[in-house]
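To keep things simple, chains are lettered A, B, C and D as they appear, and every chain counts its residues starting from 1.
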Amino acid sequence: MKIGFIGLGAMGGAMARNLIKAGHDVTVWNRSPGKAEALAAEGATLADSPAQAAAGEVVHTMLADDKAVEAVTFGAGGILSGSAIHVSHSTISPALAEKLVAAHRDHGSVLVSAPVFGRPMAAEAAQLFVAAAGPAEAIETCRPLFAALGQKVFEIGDHPPAANLVKLCGNFLILSAVEGMAEAMTLAEKGGVERAKLLEVLTGSLFGSPIYQTYGDIIVREGFRPAGFTAPLGLKDMNLVSQAATDARVPMPLLAVLRDHLLSTIAREGEDIDWSGIARIVAADAGL
Amino acid sequence: MKIGFIGLGAMGGAMARNLIKAGHDVTVWNRSPGKAEALAAEGATLADSPAQAAAGEVVHTMLADDKAVEAVTFGAGGILSGSAIHVSHSTISPALAEKLVAAHRDHGSVLVSAPVFGRPMAAEAAQLFVAAAGPAEAIETCRPLFAALGQKVFEIGDHPPAANLVKLCGNFLILSAVEGMAEAMTLAEKGGVERAKLLEVLTGSLFGSPIYQTYGDIIVREGFRPAGFTAPLGLKDMNLVSQAATDARVPMPLLAVLRDHLLSTIAREGEDIDWSGIARIVAADAGL
Amino acid sequence: MKIGFIGLGAMGGAMARNLIKAGHDVTVWNRSPGKAEALAAEGATLADSPAQAAAGEVVHTMLADDKAVEAVTFGAGGILSGSAIHVSHSTISPALAEKLVAAHRDHGSVLVSAPVFGRPMAAEAAQLFVAAAGPAEAIETCRPLFAALGQKVFEIGDHPPAANLVKLCGNFLILSAVEGMAEAMTLAEKGGVERAKLLEVLTGSLFGSPIYQTYGDIIVREGFRPAGFTAPLGLKDMNLVSQAATDARVPMPLLAVLRDHLLSTIAREGEDIDWSGIARIVAADAGL
Amino acid sequence: MKIGFIGLGAMGGAMARNLIKAGHDVTVWNRSPGKAEALAAEGATLADSPAQAAAGEVVHTMLADDKAVEAVTFGAGGILSGSAIHVSHSTISPALAEKLVAAHRDHGSVLVSAPVFGRPMAAEAAQLFVAAAGPAEAIETCRPLFAALGQKVFEIGDHPPAANLVKLCGNFLILSAVEGMAEAMTLAEKGGVERAKLLEVLTGSLFGSPIYQTYGDIIVREGFRPAGFTAPLGLKDMNLVSQAATDARVPMPLLAVLRDHLLSTIAREGEDIDWSGIARIVAADAGL
């Protein structure tokens, strides 16, 4: 299929590469051009603008935040100038997705929200989980593309912002699990139980899922640097959850704990720490 | 092996039954005698006192709280009058375990803390997880007994209170997962995503562990009654965690959220609701 | 002095009236013209646009939120078209104040941030407290105007956003006091102590300040309607505090409690309740 | 009047001294005898036991916690051996007060709960506030004694535990005010507003009560050592509030914040810091 890919960071780069490998004709664009050139060496065509990347049947975007998605979508040279199905993988606000739906409708194109779960390693291994929402026909078109990116697709319905909300809920739950483990491990450690021993029991009994294994291990060995997903990015996501919760009038006291711990993590540890570094704050608050 | 079992509630009764089935010679005692008689019909011997149940090689206790364990251990007719290895399955405070260790040492006997993870159905199916701590020799003696009760034994070391702390951490993490799902599902529902859809994504991707499956399902269908584990029992456990955290000077803000939601659950819904009924409070606080 | 006044709600209307009474030549503008006409009957001149109201020496604004202040400041017919000192009384974000400072500088005019403390009754009685920040000379010019509005002026320095931050801190502390009293009164009531009795002790001993008296009385008699300051306005302010705290990387767990209780208040009680209605949520969460 | 006084710490010593100055015949007892001897030099009679101190018309107790009050009340040589009215000034649990009421009734004597508000300096100056509850006749008897101790008496009714609950509510509100100021001052400081400037506005406008003045000043100058009231004592009190709230099924999220901050204060700063040292934790969590 003739497609475009915009946003070639750790996640997007790996995803674009898998689309190339799967035999698609991929045109790429990135704000800083170096990353696009690297992909050109692997078979991608270079675009001069987001619009050029949106000249095919589908254009994927995988960007850092709402602002970056707006920047490549609207205005001269933006995605809306083309007619491709816009598959938005970024973690953005449901409110922006709502706005994109309307803008695409006005331009005769279509939005599919398809945020993904997984860290860069999962992206490289084409093991992402995709949560997709949008018009059924468009999703049908994208099915082979999703297959090249991940291990499983969840269909969330025909309203794109719903998929973005699901993604935010997922990220909220990941950090909730980290907070829970961090508090429990700190209590255990001060009570004479090794963190690794507690984790062995948890993952060997009732919590044997990837999140508890992956993040539990990070907390046990304090492997917060280099970051797989930085605290400021985590804060951005939790702020999006908070905005959605405020709009919907939903009190979320656990979210509040996470937000405050991320703020403290950034204030005390800097911007380069993994978002699971909130575990360090939990320990420090107990005097460890 | 000649053993005793004290405390024949939903959990203890099922466990004693499995020990009988495994061929052990089981003497039982229960504060209210009806439950003991039922087990006698299945082959158990009836004891007149906890001491009598502690006349064999090992005596198990599975009771509601610290107070109940103290009541059967100390005083005339208490477990300490016998010489059996005391295998304590109850969820009690590490502080009481500490006290029991000393008392048993003074009486020439031994304590093994062996709290279990699993709801009554898992107890019946001999699918519990056992976290055991105590003198290595005593644990060796108990190994066939544990095998009759559960699917896996985690050895936590030779200091019994450590196993009790692990159990408290586990229960804290279970309710933390419930709180996280409750907040996320409430946000999802108010944002137009069905609870069941969100759960399908979570358990189908990163959260595929029994806790998320079991409790997620309860929250989706609001199956809070009849309770598998009541809110007041959950509160008792979270109070034990809070006491341990206070003693160790460990701030646990997520625990505080759980405790407050349990208080609200009991105040607004009554004492017969499952501890996962905190999800109802989370929804009610958002106006649902 | 020839001045303008923009924003004639409960607060602004009373303030403009006091400026007229003090002998100033006041030109007024309001988005919905009815309120301006009422003031014209008391001696005010009607303006066709914010710019006209900004044709004198000073123009006051007293509006609901950031958006409203931006709407009257920028664009054709906006305050920036005039050359008056802009005295901004509204509770706005320090970030917007920062932006206004720069915009005024570019237009050769000046911003004075002068948010006020006090409810409508205090505004009518010219008993407000004014927290003013801006260039010393401009503040000197405004001194007689402030004298007509309030009982006391606090000078916060020459950087206008500082006054806005002080105002946000003040509102945060007011609602913090409400939360504290609400929790204490709920505990007292369930423990058999009348709310009024507790309040009598508090205000008669260590908490004898207007906030505890005024809001304590509202909580005791559940006088949440009609609202002096509605929950949605309170939420808007707490969101501004949260934004400032997020930008500055300051965890504020007490703020998080307030925000969640406001969300619950609006979800469960509607939009017309006073922001101190969080006390009703605190009581309801305890089953009262 | 012939009275006794038990517990001669910073608070109790000053109170006993004021009773001597007022002309009463005071018999004193203290666990560590040195403090009692100092008062003997000022006219007090030394008792060999709490019972001897309870041989007069009234016996006051001013002790650190529930345990200390139980130790001087029950058993051989305890207050219950005498027949004096027991005026309990200590900050104890309503539950213990309940128990003392029953014990005194059984012994034909009477309990008056009369906890006091004020730090040691206020005790020396006889400027305490007394919250008294108990049988009307007994309170009438105590009136001249209260007059010698404080500036004002609040009558809470005839049920002694009610006064203890009021005292706990008061201490909770004091620390709530500290938390509020700490969060606000941290935000202000990171936003470029001096702590002292913010405090000037607060106490000069809506928060002009002793608590905000006294503790605001401590926070501004970080005067947390020497402690007027240590963090461990503050934690003891907040634990009593938490126990009462748990018993009454009252969620108190602000209390939870205070408890966690006290735990962190003790873990990170040690046991000798003032309870208002939670402000240092609030600042540290923001990276200051």
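Assume a residue touches a chain if its C-beta (ideal position, glycine included) is under 8 Å from a C-beta of that chain, and two chains touch if they have at least 3 such contacts.
The shown structure was predicted, so the numbers you read here are calculated from the model rather than taken from an experiment.
J.: Looking at B-C and B-D, which one has the bigger number of contacting C-beta pairs?
T.: The greater number of contacts lies at B-D.
J.: From the C-alpha centres, identify the chain that is farthest from subunit B.
T.: Max centre-to-centre separation from subunit B belongs to C.
J.: At what distance in angstrom does the C-alpha mean of subunit C lie from that of subunit B?
T.: Averaging C-alpha atoms per chain gives centres 53 Å apart.
J.: So what's the Cα centroid distance for subunit A and subunit B, whole Å?
T.: Their C-alpha centroids are separated by 37 Å.
J.: Go ahead and note the Å separation of the Cα centroids belonging to subunit B and subunit D.
T.: Roughly 39 Å separates the two chain centres.
J.: Quick check on subunit C: which residues sit in contact with 2+ other chains?
T.: Expected reply: 245, 249-253, 257, 260, 263-264, 267, 285-287.
J.: Would you mind writing out the residues of subunit A in touch with subunit C in their complex?
T.: 235, 239, 242, 245-246, 249-253, 256-257, 259-261, 263-264, 266-267
J.: What part of subunit C is in contact with subunit D in the complex they form?
T.: Touching subunit D from subunit C are residues 94, 117, 129, 131, 152, 154, 156-157, 159, 161-162, 165-166, 168-170, 172-174, 176-177, 179-181, 183-188, 190-193, 197-198, 200-202, 204-212, 241, 244-245, 248-255, 257, 260, 282, 285-287.
J.: In their shared complex, at which residues does subunit B touch subunit C?
T.: It comes out as residues 253, 260, 263-264, 267-268, 281, 284-287.
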